[in-house]
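Right, one structure below, let's go through it.
When the chains are written out, they are named A, B and C in that same order, and each has its own residue count from 1.
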Amino acid sequence: MFDYLQYVRQENFPHIWCSGCGDGIVLKALIRSMDKLGLSQDETVMVSGIGCSSRTPGYVDINTLHTTHGRALAFATGVKIANPDLNVIVVTGDGDATAIGGNHFIHAARRNIDLTVLLYNNYIYGMTGGQCSPTTPRGAYASTAQHGNLEPPFNISGLAIAAGASFVARGDVYNVKKLETLIGKALQKKGFSLVEVVSPCPTAFGRRNRMARPVKMMEQLRDTVVSVEKWEKMTDEERKGKFRTGILKDIEKPEFTAEYAKLIEKMRPEE
Amino acid sequence: MDRYDVRLSGSGGQGLILAGKILAEAAAIYDGRNAVQTQSYGPEARGGASKAEVVIKDGEIDYPKAMDLDLLLSLTQESCTKYSGDLKEDGIMIVDSEIVKYPPEGSFKLYAAPITSIAANKIGKIVVTNIVALGILSKIAGVVTEESMRKAILARVPKGTEEINMKAFDEGWKTGEELLAE
Amino acid sequence: MSNDRPGKVRMMQGNQACAEGAIAAGCRFFAGYPITPSSEIAENLSVMLPRLGGKFIQMEDEMAAMGAIIGAALTGQKSMTATSGPGFSLKQENIGYAGMAEVPCVIVNVMRGGPSTGMPTLPAQMDVQQARWGAHGDRGVIALTAKSAQETYEQTIRAFNLAEKFMTPVILLIDEITGHTTEKVIIPDASDIEIVHRKKPDEDPENYLPYRLTDECVPILAPFGTGYRYNVTGLCHNETGFPTNDSHDIQCLIERLTRKIEMYEDDIIRNNELMLEDAEIGVFAYGSVARTAQAVVRMCREEGIKVGLLEPKVLWPFPAKAVFAMAQKVRAIVVPELNLGQMAREVSLASECRVPVHKLGRVDGRPIPPQQLVEKIREVV
């Protein structure tokens, strides 16, 4: 049995997440990935914004920075550029990263700065009470979309790919082993890497959308997730109502802090 | 010496702010006096009425903006009309004779020369209009030494353009001499 | 552009002097966003920082620039951003964060006319109250000002020193005139410049509390990556740095954020006084307007009107004691400023109704020329 205690701040438990929330599953997968890669707790920084997902840093015994709503990537960019030796992990949510922090999200991806972003996508603002987010599906119900959401959702992974991220993957909290693998790959990537984690919110989303029971949300995940490999072979008709998980993009391109180090080297006055 | 207030005016993009900096540096760094250069410009990078001001004094300069002008340079009609109100009765006005057709009336001394044309035709580059103007005004005003002006220009202009800028300054200086002789 | 020669006299505009001062203070991280009339600060530092192994980044917006300097500061770097009115408004969210989390950093605001986009290229002093109260919540604020390129150089260095000493964001307010005025600056020898670095913890990581309550009231935050693992948050927190809802802890924290500036007021506040001893009219002027006031003191004295000047170098904490002392000496106080009385209000409060306080507010994007202030003083006399 894996011993999590080395990595968690026991004094801060019990955690604030509701029963049935997927966020704890992501936290455990992240800890196992960190352990497998041997990331130093002293040299790892976790930066988050505001929301349920952004409470993750409070439970991890590393350097943690809980910032303002949407700005985690901006703070993280400062940390990483100022000290590129630090491993910087950003934990954020769909509202935090793609609504109020949308600009930072696309620009961090464009800059291809070496940050590992875990974006918990639960299709809703959980902490503030179930308001609709940029990923709430059209027609779904939310406390600010009580007649059904009129807006089309963002495809977060697609957004990151279009913006220039060098590694983009989507995972989910039902397929935990796969999630752990994806997080591990993201942590190893030198460049902007995103793992979009589909994580259910039974309290704020499920109850409004006929999935109040956490088990039901998990079953729905199980039934709608398709691997990228399988996805390729499916017809458009078969893809309806499903989404793919796995590595969506993995390329090599110049990373910002490495490029900056080269600039400093170039500027160094000749002895 | 008491304050000597200079205003260089024209439109955005004519290099007057650079000219102001050169004049101030000539006075402060190379002539060892005090000088303050300020500017006022519109939100746009080109066009509009733009001005750079230089105050030269031996002691400390408190109020940094030009007040009662000892010298006004105007390269456009608009700037001449807009900015000439503060010129002292015995001040100096230098205008581009081909562009400023209607200089204001007054007891000040008016010197008019085709500054822009000199840059375009005699030097072959309209971008050095500001340096031609500096040549003229430094000769006429006599408030900064010629040597310091040359040093300040060379320190400020882009590498590789030193020669053409010196030529522009010479041409301006010569024009200044002619204007004074008239 | 950078300069290491001792005591060298150079001509530079206030914005460049700010960049030079930052480098001299040990700033090695700058994040910014283009905005007139402050952009020359970023432009200069984009050239200078990489040469010194420092970092410069142009962020995607003003909030990001403010966030980035806080992140950098937490790794132990001295960090700075520069902006102007509209950008200053946008940065308030994270300035408040830096205040709450007690992260040292410097924010330069080269003030232009507002409200809103206002006058991008023209001077104003309309952000002086925003510097104090712009971000939500209660906390002490340090804001400095400068009237010349030389002072901008010196005050930028002081801003870093105060930030490091009191673990707080420090604001430097200059205006478009100061930012864009080119004049002589004497760059002192590096060994003659006082530089303050934030304290390092002297206990081992096991016993470390980032926000430990001490008599000094100033926390000691270890740089990230040095073995002290702790949490930083904008939520109300206790000594551990973790969020709390405990009423006692919260009361202590919020009171301390104000007290840690108030109790050091005498160290922080600096004023310049000119001919105040026998003055009958006191002028309170700051930033570029103080230069007008200096000229006016001399002009009025020549006319036989006894005018003196109180020129604060620190706007926040407000120099209430000096104002009160002036109010006991003079018959009236005149406050010329490039707004409609933002500091005049403070002067009125601090003078406790001893003397009338007259405002002279100019908000058309033009400086107050000496003649205008002389006329105001004649009217008051």
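Everything that follows uses one rule, which is that a residue touches a chain if its C-beta (ideal position, glycine included) is under 8 Å from a C-beta of that chain, and two chains touch if they have at least 3 such contacts.
The structure presented is a predicted model; accordingly, all values stated were derived computationally and were not measured.
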item: Most central chain, Cα average position; value: C
item: Chain pair with the greatest number of C-beta contact pairs; value: A-C
item: Centre-to-centre distance between subunit B and subunit A (centres being mean Cα positions), rounded to whole Å; value: 60
item: Distance from subunit C to subunit B - Cα centre to Cα centre, in angstrom; value: 35
item: Multi-chain contact residues (two or more partners), subunit B; value: none
item: Contact footprint of subunit A on subunit C as seen in their complex; value: 28-29, 31, 50-51, 53, 55, 57, 59-61, 63-77, 79, 93-94, 97, 224-227, 229-235, 242-243
item: Sites on subunit C touched by subunit B in the complex; value: 9-11, 36, 120-122, 148, 177, 180-184, 288, 291-292, 294-295, 298, 367, 369-371
item: Complex interface listing, subunit A residues touching subunit C; value: 9, 11-12, 41-43, 45, 47, 57-58, 61-68, 70-71, 73-83, 85-86, 103-104, 106-107, 260, 263-264, 267-269
item: Of all residues in subunit B, those that touch subunit C in their complex; value: 20-21, 24-25, 28-29, 34-43, 61-65, 67
